[in-house]
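Shown next, in structure tokens, is the structure this report addresses.
Per-chain residue numbering starts at 1, and chain names A, B and C are given in the order in which the chains are listed.
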Amino acid sequence: MNHPAVELCNLSHLYPDGTVALRDISFTVSQGESVAIIGANGAGKSTLLLHLNGVLATTGGEVRINGVQLAKGTLPYVRRSVGMVFQEPDDQLFMPTVHDDVAFGPLNLGLTGRELERRVQESLHRVGIAHLRGKAPYNLSGGEKKRAAIATVLAMAPEILVMDEPTSGLDPHARRQLVGLLREFPHTRIFTSHDLDMVLELCPRTIVLHEGVVAADGPTEGIFRDDDLLARCRLEKPFSMQGCPVCGKINQRQGDMDQI
Amino acid sequence: MHMADALLSPVVGGTIWAVSAGSIAYCSKKVHRELDDRKIPLMGVLAAFLFAAQTINFTIPGTGSSGHLGGGLLLTLLLGPHAAFLAIASVLVVQALFFADGGVLALGCNIFNMGFIPAFIVYPFIYRNLRGKKLNQGRLTTAIILSALVGLQLGSLGVVLETWFSGISALPFATFLLLMQPIHLAIGAVEGIVTVAVVGFVYQARPEILRIATEDLEPGRYPLRGIVVTFFVAALLVGGGLSLFASRNPDGLEWAIARVAGSSELKAPGGGIHGFLAALQGRTAVMPDYSFRRPAGLTAAGLKPGGDRKKEEVERLGTAAAGLAGTLLTLALVFGSGLILKRRYQPAELSS
Amino acid sequence: MKIASIHGALLDFRRMELLAGGGTALHRLDPRAKLLVTLFFIGTVVSYGKYAVTGMIPLVIFPVVMASLGELPPGYIARKIALLSPFALVVGLFNPLFDRTVLIHLGPLGISGGWISFSSILIRSILTVGAATILVALTGFPAICRALEQLGTPRLLTVQLSFLHRYLFVLIEEGGRLSRGRELRAFGNRGLGIGSFAPLIGNLLLRTWGRAERIHAAMLARGFTGEFHLRRESRFGGRELLFTVGWSIAFVALRFWNLPQLLGRVVTGITS
């Protein structure tokens, strides 16, 4: 395909209460790319993601998915192409059991019978929770919920996977598993995250949002080396790039503190 | 106040069940046709909110007691009557099944008293008229407080009427009314004040939320007269049908019992279903003092004028003693068989 | 309800769900059969006259048999039943006050109609509450919703019920956290009035609203267009039919014949 997977042109968003959450955002993501969107709390990350499958309507600019402009008529196509995992899994798992929840999307796509079962089983297997299929969502642990939420989206077989803070609230082991899982996906992937180590591991490219505008867009390593940029956008280096507190090498931030 | 199964007769319970079920069917169609699919999760989650809100208390100044939000009116203001009615109905279903509030038969009554009344009587006829078209703090406050007062008065009247028509309680109508209405005046006042405060808070923070319900304010979008008339007709038909059926059958029933057991059951002929009919007839004549006090002995004596009193006493004593012994025996049998069943099934469980 | 009892209610709720996960034959029965039989049972109970006491006693067989075959803990079920509708009891307690005609003599003891009808209310409460409790403990809420829908309840209502059930825990816990925050900063009853109640409830409401919007977004993201598609599985077979018809016949029989009276006569030899 020669169209970029995602294309944003001068995207702006104004919430009804007057908050300008996004201003003139433009970037493209090509097919198969893995991109991180980072930024401090309230920078507009979630707002941006919600535009990618038309949950929020643009108040300015346009969004193209696989070259198709997002509009009322193209919503079904866009929603089938973009799978979105939301920040809070509790809001995504609304059916009585994990199985029903995973089946919700495929049922809406018109799948039934064997095909439906196969899709559900396959997605549950891919995230490693096939044994939880009969459980009620409120009886799952945080990590299990997250994985179930991912399974619900995988069951839709999307071409583009969008995730809002996939690793928040996970213990280190669950996080490691999830990172492994995400690395294997062949899809185009877009994440937001405060987990910069994960970003460093999974995404060669990073986009930095600050107060609703794109502050930087480039190779991840380069961005994490730019101390000025990070400070301006209220971000900190990934732990793996900070000094080791035990072996004596003072890291950047502590050095600053000592000088004050 | 939740109506309870134990106080209901089948005719009253069944009739109001039919009304509530009909309203649910109507509202589902209506909300579905509105095609506002935002409302689908919203209704369910707000129903859960109502539950959560009812677990939080506030102290009522000057009384030392505490209260909580009822919330039917609040939900109606937020969702509009049709969606709110469905949400309230689902709360009541969960209360009936899980918390034994009311019961399965009484569910119909509770949905009527706490859902139908605020959504389809108070909201269109009181709230909408008082509130006016333009949002105005003073009018809004008055409208909400009066709606809460009227809603709770009508709801409580509903409970009184349902209980009285059922005839299981011996409370005279007037006494019951005097007990219930003043309490609900107080509850209504508190509900009104709390609702005003919460609506005020929401309005400050997110005024657009209240718009969902107010969109409905445009004239012509509300064929409410339709629904009210339809359901009163339905109630009359169902109630009439059921009571006809009920009035014939028990006679047959008693006749059967008399034939099989050789004597009538230990109960006054004035109870239950009969009571309902008797109440209907008696209401016009002696409304305030009506109670279902009609001892079995009177009728028995009436049947056998000048019968031997002593013999009758012995007979009744016999019936009572036999009844008592039989009851104890039955209970023993039932629980015994329960235990045996349990024993028989437990090893099976262990071995599997 | 105070926090402790909210907690209690939640635990209770979970306990019922846990019981519903059991594996007995009764658990496996199609929920429609259990629902229909329970409704029929309650209908039978309320169809008795106001002074019926002995006639209703044999109906106890239904909850007892269901609870033992379903291996429900009797103590727990009994405790649930003991939380009888206080309203029914209070109203019932007026009966002895207003209905003083002596209906039965047990030796020197005269029992008034009011006491008899009060006992009747008590028994009704026990039977109806017991039946509903056992239904939920043997079936579970989601299955009851499914049964309701298959029996013709509008889907919109059953969908509401699922959402309510799904978010009940989440919201009660959220409300609990908010109100704990309030109680910890209140002094005695000061600070627990409407002044702090309205913002607290308002906050909870706004959060709930936001949550509903996010759920809706998640539904849209998975192709939701206003129709709820559900998988239907029907297992209403011979066993279910037998269960439903069997109990129904039993109820009708018990309703027509006053078993304790008959038994009592046989035992005591009193015929009249």
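General observations
Methods note: a contact is a pair of C-beta atoms (placed from the backbone, for glycine too) under 8 Å apart; a residue touches a chain by one contact, two chains touch by 3 or more.
Since the model is a prediction, treat every value here as computed from it, not as a measurement.
Taken pairwise by the contact criterion, the protein chains are fully connected, each one touching every other. Central chain (C-alpha centroid nearest the global protein C-alpha centroid): C. By the count of C-beta pairs in contact, the leading chain pair is B-C.
Each chain gets a centre from the mean of its Cα atoms; for chain A and chain B, those two points are 49 Å apart. Averaged Cα coordinates give chain A a centre that lies 43 Å from the centre of chain C.
A straight line joining the Cα centres of chain B and chain C is 15 Å long. In chain A, the residues that touch at least two other chains are 94.
Multi-chain contact residues of chain B (touching two or more other chains): 41, 206.
Among all residues of chain C, those that touch two or more other chains are 162-163, 165-167, 170, 211, 215, 219, 224-225.
Remark: chain C residues 17, 142, 145, 162-163, 165-167, 169-170, 211, 214-215, 217-225, 227, 229-231 touch chain A in the complex. Across the complex, chain A is touched by residues 41, 206, 208 of chain B.
Those residues of chain A whose C-beta lies close enough to touch chain C in the complex are 50, 53-55, 76, 79-80, 82-84, 86, 88, 90-92, 94-97, 100, 103-105, 107-109, 116, 136-138, 152-153, 156. Residue ranges of chain A in contact with chain B, taken from their complex: 16-17, 94.
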